[in-house]
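If you scroll down you'll find the structure; I have some questions about it.
Naming follows writing order (A, B, C and D), and every chain is counted from residue 1.
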Amino acid sequence: MEKKDLGFGKGASNTGTRFINKDGSINVFRKGLPFIRPYDLYHTLISINWLKFMVLISVSFFTVNLLFAWFYTVLENNALSMVDEQHRFWDSFFFSVQTMTTVGYGAISPISMAAKVISSIGSFLGLLGFALVTGLLYGRFSKPMTKIRYSKNALISPFQEKNALMFKMANQRSSKLIEAEVTAVFIATIDGKLVYEDLKLQLRKINFFALSWTLVHLIDEDSVMFNHTTESLKKGDAEVVILMKAFDDSFSQTVYSRMSYKHYEFIWNARFDSSIHNENGKMGIDLKKMDSYTKLN
Amino acid sequence: MEKKDLGFGKGASNTGTRFINKDGSINVFRKGLPFIRPYDLYHTLISINWLKFMVLISVSFFTVNLLFAWFYTVLENNALSMVDEQHRFWDSFFFSVQTMTTVGYGAISPISMAAKVISSIGSFLGLLGFALVTGLLYGRFSKPMTKIRYSKNALISPFQEKNALMFKMANQRSSKLIEAEVTAVFIATIDGKLVYEDLKLQLRKINFFALSWTLVHLIDEDSVMFNHTTESLKKGDAEVVILMKAFDDSFSQTVYSRMSYKHYEFIWNARFDSSIHNENGKMGIDLKKMDSYTKLN
Amino acid sequence: MEKKDLGFGKGASNTGTRFINKDGSINVFRKGLPFIRPYDLYHTLISINWLKFMVLISVSFFTVNLLFAWFYTVLENNALSMVDEQHRFWDSFFFSVQTMTTVGYGAISPISMAAKVISSIGSFLGLLGFALVTGLLYGRFSKPMTKIRYSKNALISPFQEKNALMFKMANQRSSKLIEAEVTAVFIATIDGKLVYEDLKLQLRKINFFALSWTLVHLIDEDSVMFNHTTESLKKGDAEVVILMKAFDDSFSQTVYSRMSYKHYEFIWNARFDSSIHNENGKMGIDLKKMDSYTKLN
Amino acid sequence: MEKKDLGFGKGASNTGTRFINKDGSINVFRKGLPFIRPYDLYHTLISINWLKFMVLISVSFFTVNLLFAWFYTVLENNALSMVDEQHRFWDSFFFSVQTMTTVGYGAISPISMAAKVISSIGSFLGLLGFALVTGLLYGRFSKPMTKIRYSKNALISPFQEKNALMFKMANQRSSKLIEAEVTAVFIATIDGKLVYEDLKLQLRKINFFALSWTLVHLIDEDSVMFNHTTESLKKGDAEVVILMKAFDDSFSQTVYSRMSYKHYEFIWNARFDSSIHNENGKMGIDLKKMDSYTKLN
């Protein structure tokens, strides 16, 4: 097999922080990019949570209409018909809302040439805006977002007369993950050199990832982790990077999930408590028990 | 080749129910999830049948407008213009409908400040709602849903001087399935231990899955099913899990289909009747004959 | 390598017609399907040509509005305001159009309870309808449709001191096809038995399929076509089925294309004329020359 | 491994221009295509930059409404209600805008039969148009567009006691590229024959392409570039074509990127300056330093 690299580039060095953040993002930055980047903006808008998204588009809608109201108000005296002089600004505001949403009751309508031009622009922008929101909503929903629940810690425990590194994953979504496979890479600074090494996993491929999945790396003579101790792992600022690949049946797309365990997230000499149980002849998982383990003595 | 597991986790045990339901869903449950899960909601909405979907959005639309009508009615006396006092509630209701759909005839229009605010919110929510429905409709259509018709039973019959397990699949949709391949896994409790074992299939890959496909597992000395009887399969609560993978030409996506046969769905000593016939020089399939078999004596 | 089958099922027999039609569709039919099949309907609507599609939705829109106009007209005398009794039907028709498109000028508006209910339903259906059309339009555009231009004939000509079967393909779209690969299968009835056999192709994988591609199967001793003549191919009702797979760079999806050559589309002893030429230092292809060949003597 | 070809066809010859343009497009043309090609139009509309796109749809919208205004004006005297005879054309224009955007204030409304027909067509076309724009906007955003920043030059420098060809790539977008792999093909006319040859790359696969990536082809005895000089490469009009394939995590799709280096873009005897640096314990890349190199002496 061809040798793969983790891909952080030659200049990568152990800075004491993580390579992979807990949420799966990669801990890097870019300099020299242009300020406006439509695609990155789009991806931000489909990635932020629903509350933020709804607040953002509501506030944008409100602000744009304030701006249009201000246009109608300052422009001329008789821009719009039937406007009560007392509430001129707010009547202009509601006229703008009725224009952008294309409701157009007509109780208020543009009279002057300028108002007609501005309201035309308003309705055009309104339609474009809602076309954009339609796309964003669909983008938010159709973006495959696997929610893999990883155990908070990786355990190092006796296994088959040796030690083994173990961690657990659970599929938090009702979508079925098919032909799932996991890669784990060990990163540490050993003798002043950054070492990347694949960890051989038992049962690294499964047909259905329906409930939970325990991955085991036997720390035998062939393992890069052999003879390491809490101290040596700390000294090398060790990190184990996890990459899962699967086919998401609900989205009909290949999905990936990333995570990492830093040396201080390893627990020595402990075993995971089972998070699987049966109820009425149906297998189930209790996601609250994913992190639970028992110390061996 | 690397060993794959079926992925039900270590705690899996034979509970007497099926692992895979007849509709292809996996027979598991989750505990400890948050109550509101937008993505699972979305997938429910694009997976329910068309009647349910249309009823659901119609009822939602009706209910939301009832709510808005109630707002306009209780708010003030002169919220809306031209409202007939006799039908105040229903006139408010129809005004709300005209606002949410952005028709806005203007025969009725908001007069009071509060009514203007509420109708603005109504038209904004209306547009968001229909943007959502646009996405849902597209999501429903663009979701690749292979409809594989499996034979109701799997047959165990003499084949090449041994026994063979046979089952049949047909492609019910006019979409072409390309490079289809099938995996079958035997699951049973043998000597108190849950056994998972791949069943070797003849002709498990085909270029086009256009009509029907008969899959045959020869029960020879290498087969985990060798020497099993109706009784031993029942005792072990045996189940054969089927996973099909193909490329759907209409959707340009990889699709999967799942099914399983429990031991009580095995028919011994029978042969499938042909469901293929030719008409006017064109090959065809009669889907009604998919389950039909003839007992051998 | 595992043996793959063409997938027409056991009952397939040589009926004298083609397996694969010239447009790439598979020549089969299905019986026993339900009458209404939303997904097949959707795929019809995104597959028919643009003219048919535009006529279909225009006619549907016109017909639905005729129906609504008829409702408003027969219902009551004073269903709608401001309707000229002389043009009652057509005024109702235009009111319906203004409702379904959510324009709602308000010059005509619903007065009676029944008209208000019907117009509400009209505007609701209008929005759903245009949501559907939005999805269909996007579906039509985003459906990867490779347009592969195959040479009309396959040639059998002397090549490397033997005979070779040759056919040509060209990429008709400006989208780039990456990592393209072709499979060819020979089907014929030989000694009363239907024979499927892969034809070994030279240069069956290319990195970019930008212009034209000539595929060559050397008819040597290992080929199923060895020693065949025009007569024996005709007797066996021979057909060569072509399957191309590639990654379409414009759509970011894997695409397939199918074609077949029947024995009467084989030309013996001829060579393709080149359809490639250079203009101003740029390579190009003339699609009109794809079928052109020269007889050898 | 099977031999792949670059796919420019047999007639390809070295014309002195590039095979692959700097923007990744392939330097070819097609003759004999129909004039109107909806899909190519669609792909143009989702590929042009945002400024051009916005100008194009604004101008189209303006032009179509001018046309409708002209219809209303020339048609009859009393086509529309409440039109000021002085501004008849522009009032007709704004009426058309209000119709196409489905605002429909109603201050102006169609009176004559012809005006009612035309405004119905206007609102229908308006909705179709905005449905199209919705699809185009979504298509623009959901099209995976990797932005790979290649170093301007490829360097040929001493490496492991031999020479090596080196080039650098950086991921300009915040989307993560997973399981990236690069292929490089050398093309040159040698002894009058066009030679295509894969260049063996060190580290041609990486797990995450987060920052920058330096690819190295060791020019040893097995390399097609062995013993070549600036002069021989120029004489052969040499070009190195690069193809990168990766999985884009933001779009959940496989993406490709293409580039090429012509012989006059090779720099002999130089080394890339590092574009990676650490800030506050976070690795980063400075895209402005991607092209920077230092001459060795």
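Definition applied: a contact is a pair of C-beta atoms (placed from the backbone, for glycine too) under 8 Å apart; a residue touches a chain by one contact, two chains touch by 3 or more.
Small disclaimer: the values here were computed from a predicted structure and weren't measured.
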Task = State the superposition rotation angle between the two copies chain C and chain D, fitting on C-alpha atoms only and giving a multiple of 5 degrees from 0 to 180.
result = 90
Ask   = Does A-B or A-C have more contacting C-beta pairs?
value = A-B
Inquiry  = Measuring between Cα centroids, which chain is at the maximum distance from chain D?
reply    = B
Numbering shared by both copies at the chain C-chain B contact, with half separating same from different = different
Query = For the interface formed by A-D, which of the candidate pairs C-D, B-D or A-C is equivalent, sharing more than half of the contact pairs by residue number?
reply = C-D
Query = Just how far, in Å, is the C-alpha centre of chain B from the one of chain A?
reply = 26
Query = Between chain A and chain C, what is the gap in Å from one C-alpha centre to the other?
reply = 37
Key: Sites on chain C at which at least two other chains make contact   = 98, 102-106, 134, 138, 253
Key: In the complex with chain D, residue positions of chain B that touch it   = 102, 104-106, 134
Remark   = Touching chain A in the complex, chain B uses residues 2-13, 15-17, 25-33, 37-40, 42-43, 81, 98-99, 102-106, 109-110, 113, 116, 119-120, 123-124, 126-128, 131-132, 134-135, 138-139, 143-144, 183, 185, 243, 251, 253-256
Ask   = In their complex, what parts of chain B are in touch with chain C?
value = 50, 57-58, 61, 87, 90, 94, 97-98, 101-107, 130, 133-134, 137-138, 141-142, 145, 172-176, 178, 180, 203-214, 247, 249-250, 252-253, 274-279, 281-289
